[in-house]
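Naming follows writing order (A, B, C and D), and every chain is counted from residue 1.
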Amino acid sequence: MVESMHLVSRAHRPEDTVVEVGQVRIGGGERVLIAGPCSVEDGQQIRDIAEQIKGYAHILRGGTFKPRTSPYSFQGLGEEGLRLLAEAGRAAGLPVVTEVLSEEEVDLVAAYADMLQIGARNMQNYALLKKVGAQDKPVLLKRGFAATIEELLLSAEYILAAGNSQVVLCERGIRTFSGSFTRFTLDLSAVPILKELTHLPVIVDPSHGTGHWNLVEPLAKAALAVGADGVMVEVHSHPQEALSDGPQSLKPEKFRLLAAELNALAQFLDARRGGGQ
Amino acid sequence: MVESMHLVSRAHRPEDTVVEVGQVRIGGGERVLIAGPCSVEDGQQIRDIAEQIKGYAHILRGGTFKPRTSPYSFQGLGEEGLRLLAEAGRAAGLPVVTEVLSEEEVDLVAAYADMLQIGARNMQNYALLKKVGAQDKPVLLKRGFAATIEELLLSAEYILAAGNSQVVLCERGIRTFSGSFTRFTLDLSAVPILKELTHLPVIVDPSHGTGHWNLVEPLAKAALAVGADGVMVEVHSHPQEALSDGPQSLKPEKFRLLAAELNALAQFLDARRGGGQ
Amino acid sequence: MVESMHLVSRAHRPEDTVVEVGQVRIGGGERVLIAGPCSVEDGQQIRDIAEQIKGYAHILRGGTFKPRTSPYSFQGLGEEGLRLLAEAGRAAGLPVVTEVLSEEEVDLVAAYADMLQIGARNMQNYALLKKVGAQDKPVLLKRGFAATIEELLLSAEYILAAGNSQVVLCERGIRTFSGSFTRFTLDLSAVPILKELTHLPVIVDPSHGTGHWNLVEPLAKAALAVGADGVMVEVHSHPQEALSDGPQSLKPEKFRLLAAELNALAQFLDARRGGGQ
Amino acid sequence: MVESMHLVSRAHRPEDTVVEVGQVRIGGGERVLIAGPCSVEDGQQIRDIAEQIKGYAHILRGGTFKPRTSPYSFQGLGEEGLRLLAEAGRAAGLPVVTEVLSEEEVDLVAAYADMLQIGARNMQNYALLKKVGAQDKPVLLKRGFAATIEELLLSAEYILAAGNSQVVLCERGIRTFSGSFTRFTLDLSAVPILKELTHLPVIVDPSHGTGHWNLVEPLAKAALAVGADGVMVEVHSHPQEALSDGPQSLKPEKFRLLAAELNALAQFLDARRGGGQ
């Protein structure tokens, strides 16, 4: 078993923001691995997954209020899901992140979660951005799938301007013509561009970015190689039975192998940085 | 002076939804022309514009809560803007439409406006869709600039499923590589596709769709020719001094010429339909 | 039966280039309707179609050297197809246009055709552009499906710089994310932009632009309304048996109805222009 | 000084095609680094660059017939450029690759170059594909900037079907809305997808894919991490004076540092593969 990554010493700038999620630090040289199911489905499911990723992932993710294209798709367990997620995280010793969809639910979600996620569809929901900016839990802001770099930064600015400086940016794929093999086109060039333009940490979600579990590993490695501060991936014990996004979810054993690979790659990258070209 | 269009008899299906905004009917053969400034800036401005478009436009538009990419751009006059817009509409005998950005402001906006607009950036803000679906003012739902046809229809479904069947869809341009001469690419093929798939009225916004006032006329005509149930355009008395979107705004005199052209074109199209080729 | 359109008097500028294809004039106020099958399949097929569109279309189109994505798809009849196309055109009194794919076939194609088409995939095949620029048959240059306005104009410039000023530009759809209902997104805003920037005629191909025959009529009308100098559509007597592009082909009787509609619309648009707003 | 990479033992399949360019092998576990200027400008320039990248790059690139958007831009030195490129390669002990634009120049280019490049704009120039398929120098086929994965593979199939199985595919960025910070969006997900679908080697061009020299290093590393069989980058001794593509060119000293990083990363990746998870 690989120990949980406490990845150190990526060459970084003193002004880089370090975002703290529970005991986990993101940015300023610390990389993060966030994992968990697309949706919290029941107590057993989320506890099992949390148990299986413990020691490999730093943060547990799980959707409780789900932004679904159709009003007739599974919408998530809501507050019950929040409770189950928080319990599973506590039992596994992992802080938890979950998406908030509604201004009116910000306080509720913040009462359970250690980090609030703003999804791609809400990246320009300015009312919601202001609300999460006015509370003090850290925020994971996903890039809208047709948002420019400038627009992502200005959406982050809404949160910062409202008083919350604990923001992590997340590239998760843009919509292009290139749709038959991937759901989106993961824009890895966004990572070094964002790192140049902002002091905020930048992570990558190759699960949503590709839509296929077998593309997650190569693109997660590419994300670290291109300079990301972390990776967020979907993990499910029984992907074929998942209520949402099964095809892009890794099984826990594959996830642990991926974590080991990412850990080794991160150490390699840090060693090269330290070696001082 | 041209009389206000009460355009009749486009061949339509009995099941087509007719949306009523005050006395104005949209769909089922009735076309609509919505006009006004991007933002309500002050009482004088909005009254002047309303007065100048009276008899040519059917509905007055004007932004009061503005969704701006940057938190430091002009954000609209808020409730004061709502009051000024409603007064200007009343004085000119025109119902008014304005955008609602926040779940918490739905009741406030609905207290002043005759129709609530959901902007492109909020097309997949499901919490907001549910809210406007749970009140009884008609809704103008703009297509997100990277939303597929299916996604637009399913977002409308959120409103319908919440109990409000008075929904007008609006094509306003999609984001493509083709950016140096237009802000967006107006997807006019969406109009006949949507007309085939849904009973809801479909209108087109060539002002946002192109970003340039001199492209508004040709694309507004094309919108009618392709089968749209109406057009929404931005009008400003002094575009070069507008607080937002000046370059895509028509001056009132140009707007009246456009209205006359659209009126004539609509009559021609209806005559061809009626004449039974 | 409607007479062949000799559409006059669209307000135009003295410097507008008029391209002559046989007796047919394109640009400078003269609109054109080009029709025919995607591919010339045999003598019977192309003669039948030519006969059926006679009096409605001005130019007969038909592919003889076909640019097919796969090397294993039908590649066209080659020189035999050229001969059949030219004969069918002569019999029907229509000049013919067909695509040239290879530098080495330019002379051959020019020996049979009245106009040479450069397809979307070859818009930036500069060797081919120079070749067609160095002979004296007029050229129909289709916009590449990811080409900007500037790139289209500069590709035309290759032809003009090589000595041939008889160039017609053709918008035929760009590649966007919006793919489930249409093959491409027809960019009608390109028409007024091009008309502003160049003296060359600009036409629209709604068959390739949409990929569905039932979208051809509304988008052809929109093309005229937006200011195009003509329309090119695919016509096939038995679309379901066509060797290529059947789903986007109109049957001849539908084409004749479309031609009548376009003729009426063109007259209406010219009358409005003439009426002097 | 780092030794030239002879990178071995990436886990590969027995059926993988190995393409041989002079002594250099690409694919089947062997990675390649191709470098050189966008254009061959004069003898001094290309000899200097060849000398400086010797021992770090495996193949020298340099444009001699240049596909330029405008007919009035520098079009390359033509045959003189070919001669200079071949001499510089011979002096440095590096095989050379250069683009061929015209069917009529295939024999000429093949007389000087060790590998023929088909550029993105000509990916669907089927006449040219057939020509390079009918000669026996290996071919570097770049993905068109709006080409799907299927289209790229089918274009390669044109070459293979004509008798030449020595084809290397190259991802070089696709055209998306995301244009203000990069020229194109490098689609790294294409690499593992292509590797899954084809036995041909797949390399990445981060210079054209991003358009900015400072993005070349992170994306070149990401390319190796995602599984590419090599990288092609632009190098120029005086980027600010380059006749084309200066902004995306690395200086030789930066290139050598990059080569060392890529070499180390390749060894790390191979060691992990070898370690047998």
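FYI, contacts are C-beta pairs under 8 Å (C-beta built on N, C-alpha and C of every residue); 3 or more make two chains touch, one makes a residue touch a chain.
Computed from a predicted structure; not experimentally measured.
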item: Contact distance in steps, from chain A to chain D; value: 1
item: Comparison of B-D and C-D by number of C-beta pairs in contact, larger one; value: C-D
item: Of all other chains, the one whose Cα centre sits farthest from chain A; value: C
item: Equivalent interface positions on chain A and chain B, same or different at half; value: same
item: Distance between chain centroids, defined by C-alpha means - chain B, chain D (Å); value: 49
item: Centroid spacing, where centroids are CA-atom means, of chain C and chain D in whole angstrom; value: 37
item: Contacts with two or more other chains, residues of chain A listed in rising order; value: 146, 150, 175-177
item: For the chain A and chain C complex, residues of the former touching the latter; value: 146, 175-177, 179
item: Complex contacts: residues of chain C adjacent to chain B; value: 146, 148-150, 174, 176-178, 180-182, 185-193, 196, 209-210, 214-215, 218-219, 221-227, 257, 260-261, 264-265, 268, 272, 277
item: Residue ranges of chain D in contact with chain C within the complex; value: 67-72, 101-105, 121-122, 124-128, 144-146, 150-151, 154, 157-158, 161, 175
